[in-house]
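Below you will find the structure I want to go over with you.
In this document, chain identifiers A, B, C and D correspond to the written order of the chains, with residue numbering beginning at 1 in each.
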Amino acid sequence: MTSHEACCILNASDQVARVEIMIFFESEDPVGPYRFEIGAQRTRHLRFNNFEAPKKIPRDTPYSSVIQSDVPIVVQHTRLDSRQAENALLSTIAFPSD
Amino acid sequence: MTSHEACCILNASDQVARVEIMIFFESEDPVGPYRFEIGAQRTRHLRFNNFEAPKKIPRDTPYSSVIQSDVPIVVQHTRLDSRQAENALLSTIAFPSD
Amino acid sequence: MTSHEACCILNASDQVARVEIMIFFESEDPVGPYRFEIGAQRTRHLRFNNFEAPKKIPRDTPYSSVIQSDVPIVVQHTRLDSRQAENALLSTIAFPSD
Amino acid sequence: MTSHEACCILNASDQVARVEIMIFFESEDPVGPYRFEIGAQRTRHLRFNNFEAPKKIPRDTPYSSVIQSDVPIVVQHTRLDSRQAENALLSTIAFPSD
């Protein structure tokens, strides 16, 4: 069974949220940013396995993600694999856009 | 097995809490507010499947909820379905009432 | 299988922590405070089923707890029962002592 | 089955993070600090069972950990054992270094 790492993003604001995700590893430089838009007053479900550009995330390498947005968002990070039940993290991160 | 999404609200204050819940979707406009009261120094368990007005929440559509209250409350959001063990989120949101 | 609701309290400070726990219900007045001390630089595991004074917590009634301490503490609340895997909440609450 | 307590630390900053972990018990003095470095823009996975100096953590004794770092870090604490599914805690702690 492969790992299904995903995050669900809620943009409850009245503006489109431009989101950037950086992926960090134990012994490699971080990759990204992966860029997404979440419509005003919408949710969006992102599967890390489906990230394509700038490059695919390696399958069997542990990683952490940092998610930044130009409007306040709510992020729920979930992970499902064969060794564990479920691992849920809530974090909210925002940075001012240029 | 159907999904049993619920939240447990604690109002530890000395006043009745008037709570409004908005539901957000991936490709539809948000619905709500669903309105509830939680007595002073009481807890209340709300099942999203039982929300009726302004309309039922569709069964097989992912959604996020935003809960607002006129007094500080504690919200524990739980979800049980056949694919996952349990997914617990703690969030506290308050807004000044008019 | 009975429910085993418990909390684990960490007092990383250099002073004894005096802790008070209030229990809130859906349709009854809250009970408490239940009083405990946690030594300086110690952890303590409390099982809600074992709370005796001012009175036992009823077994089949949902409740919420509010934990207050005269020094900053870390509280991890856990619950195990037959219907769910595990439900972990982290909260930190402090109030000034008299 | 033995307990596999671990934490995953993310250092998203541009500087090496020097981390100190203290372990607290119910009826013994705390032990530590255990010292680790996490490279700039790297993650690191630490298993508590592998901590050696100043001394091994006893296997069957409940404990809590406090993690401090000289740069802001993100810590995800996980625990797997035979009695529970998974227990995830997110905490972020920073202190100024000398």
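The rule is simple: a residue touches a chain if its C-beta (ideal position, glycine included) is under 8 Å from a C-beta of that chain, and two chains touch if they have at least 3 such contacts.
None of the values given here were measured: they were computed from a predicted structure.
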- Just send me the rotation angle from a CA overlay of chain A on chain D, rounded to the nearest 5 degrees. 90
- Task: Would you identify the chain whose Cα-based centre sits farthest away from the centre of chain A?
- Result: C
- Query: Over half of the interface residue numbers used by both chain B and chain C, so same, or under half, so different?
  - Reply: different
- Centre-of-Cα separation between chain C and chain B, whole angstrom: 24
- Query: How far is the middle of chain A from the middle of chain C, if each middle is the mean of its Cα atoms, in Å?
  - Reply: 34
- Query: If you average the Cα atoms of chain B and of chain D to get two centres, how far apart are those centres in Å?
  - Reply: 34
- Can you list the chain B residues in contact with two or more other chains? 85-86, 88, 90
- Of all residues in chain C, which touch chain D in the complex? 8, 10, 12, 41-45, 74, 76, 78, 80, 85-86, 88, 90
- Item | chain C partner contacts - residues on chain D that touch it in the complex | 22, 24-27, 29-30, 62-64, 66, 84-91
